[in-house]
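Mind looking over this structure? Questions follow.
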Amino acid sequence: MTYAADVAALARKDLLLELRAKETLPAMLLFVLSALTVFHFALPRGTGHTAALGLLWVALVFTALLGLTRAFVPEREQGLMDALILTPADRSAIWLAKTLAVLAFLAVAELVALPAFGAFFSGIDGRTVGAVALADIGICAVGTLTGAMAVAGRARELLLPLLFLPLAIPVIVGGVGASAGAGGRYLAFLVLYDAIFGLLAWASFEYVVAET
Amino acid sequence: MGLVNVKLPVLAGLTTSLFAAAIALIFFYAPTDADQGISQRIFYFHVPIALTAYTAFAWGAWKALVYLRRRTDEADLESYVAIHQGVIFGSLTLLTGSIWAKISWGVWWAWSDDQLVLFLVLFLFYCAYFMLRFSVEPGPARANMCAVYALFGVVLIPVSFLAIRLSHSFIHPIVFTSRGPQMTGSQFFTFCVSFAAMLSLFATLYQLELAGKRLDQRLRELRELLA
Amino acid sequence: MHTRACVRARTTTTRMLTAHDLTKRFGVKRVFEHVELRVARGELLLVTGPNGSGKTTLLRVLAGLAAPSRGTLELPPRAEIGFLGHEPYVYRELTPLENLALFGRLYRVPEHRERSGMLLERFGLWQVRHERVSTFSRGMQQRLALCRVLLHNPSLLLLDEPFNALDADGAELLDQTLGELSDRALVVATHDPGRVERLATQRLAFA
């Protein structure tokens, strides 16, 4: 089970780094609260619950983007990606570990965001929480892969949203549909998205980070 | 692969004749639509262009796969050119689709048109492909990343389509009457010829751009040698 | 159009690195061409040349980090290669022990904690083993980088400017270490060959 051990070692490293730096997570928390506040002022009186829900999903996706933009910074700034890919560990383990770490940050941000949404707007039900959980997986899986691509380019903060958002559209559809109560098939769709893109990202990460 | 591509004149000739045939058929042979009249004929441009764009993206993804397995510069260039052509045809799809929406329903954009919305998503995605390509230094790293992104694109097509269909139930649907392809024999024939013409145009432009880019590369290499 | 070069797994146990017709181009700019190398255990290949002449690129290609444009390269498996690049490749917000623990696990080093301790002590970092690398000078980071490179006992060592930023003591330690590594295959790139000159068994000069 060295693969699992590798993933654990790498994920532990990412969590430890964030614990020390204390940069990304506070920023994500502050951002999501600010965004929800802005949305309160942006929504005219009489706006339905569904519209507000839609904005919740927008807030979540952009909060995730914030976290993802920071995800590979230590590796690229200090050249450490080279050091990691030189090890005998499978390159996909790097992807999985990073995805799990970003997932953890996003989950913490949501632990604050969802109750805040409930307080600012209207209640959050189990369906929404389930949808958010499933959507998080897809967002982090695809986001980590595109994050690694973006960080190799010149304008990385600009590039990541461009690469990521078109891929995030199906997640938003699934998420909003599920939380708006439009049927269980939206949750099923999210599972489908997670499975397909998760697998694709896992298999193709090797090519994104290594030249040979 | 020689500099002088024998395929090119042949393809150009084929494209021209197919286009001539298609235009003749579209304007003189295909029956006028009962509801929409003459303006409905844009269908014979719009849908073949859309299908050709799909073909281009699929071809680009195929070449991307070939690149990842064999790591030849050829495959990377072919993948890029195919996707470039796909974006061109995609923009034309959006344009003709918008015009058709205006003609049919009086609006410049129709969210209920699944095909059109899908193209918007794909257009955004493949434009990002170009942003990626131009922000990374040329080399094996860039080729790798673009190939992976091209594969993501082709997987996104069915997933997005499904998402768009699902989105109708909670997004306020403005339902228009369907204008799907329930075609009569003569309409179908016209459609097929038009589709063949578009595919031929794609093949021609693809080879043309490939030849141009290869020439570019040779020139740069020669300049480097002389320097 | 040229087909990709191939990087193969090594077949013999004494010859660690074999390169044939190794070429690297960035677009049209040629960094090096037709390089032939055979480095066996017990040998030290000294790569010299001014800054920017392509030494770093060569080492990256030899490590398997960059793909050669042409030619063949035979390397040992990744677990047996140690690469020291221009950057020290250490996480600044982690401590030396944490850094070495991570790489120790990833390289599957048996009893990596003991070995880390030994290496840190050897390179004079034992006292600061629990402090974040961000508090270190560049010279101390370089020492830690050397610990990292030796942690998994590689049989092929690729060192790019290893004396960079080292003070007199550090340089002395490295000198000694290089002497002790006589049973490995070494490739050292440096613009100032002075110290390594006497250990070199092969030389490659970049213009």
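So that you can tell them apart, the chains are marked A, B and C in the order they are listed, and the count of residues begins at 1 in each.
The criterion applied here is as follows: a contact is a pair of C-beta atoms (placed from the backbone, for glycine too) under 8 Å apart; a residue touches a chain by one contact, two chains touch by 3 or more.
Predicted model only: the values in this text are computed from it and were never measured.
Peer 1: Quick one: which chain's Cα centre is the longest way from chain A's?
Peer 2: C
Peer 1: Count the C-beta contact pairs for A-C and for B-C, then tell me which is higher.
Peer 2: A-C
Peer 1: Using mean CA coordinates as chain centres, what's the gap between chain A and chain B in Å?
Peer 2: 31
Peer 1: Cα centroid separation between chain A and chain C, in whole Å?
Peer 2: Result: the chain centres lie 36 Å from each other.
Peer 1: Per the centroid of Cα atoms for each chain, what is the distance between chain B and chain C, given in Å?
Peer 2: 48
Peer 1: Which residues belonging to chain A are in contact with no fewer than two other chains?
Peer 2: Within chain A, residues 211-212 contact more than one other chain.
Peer 1: Going through chain B residue by residue, note those that touch at least 2 other chains and give them in order.
Peer 2: 139-140 - these are the residues of chain B that touch more than one other chain.
Peer 1: Mark out which residues of chain C touch at least two other chains, giving numbers and ranges.
Peer 2: Where chain C meets two or more other chains at a single residue, that happens at 66-67.
Peer 1: For a test of understanding, state which residues of chain B touch chain A in their complex under the given definition.
Peer 2: 68, 121-122, 124-125, 127-128, 131-132, 135-136, 139-141, 144-145, 147-149, 151-152, 155-156, 159-160, 162-164, 166-167, 169-170
Peer 1: Any idea which chain C residues touch chain B in the complex?
Peer 2: Within the complex, chain C contacts chain B at residues 1-4, 26-30, 66-67.
Peer 1: Can you name the residues of chain B that touch chain C in the complex?
Peer 2: 1, 70-74, 137-140, 220-221, 223-224
Peer 1: Where on chain C is chain A touching in the complex?
Peer 2: 7, 60, 63-67, 77-79, 81, 83, 85-87, 89-94, 98, 101-103, 105-108, 132, 148
Peer 1: So in the complex, the part of chain A that touches chain B is made up of which residues?
Peer 2: Residue positions touching the partner: 50, 142, 145, 149-150, 152-155, 158-159, 162-163, 165-167, 169-170, 173-174, 176-177, 180, 182-183, 185-186, 189, 192-193, 196-197, 200, 204, 207-208, 210-212.
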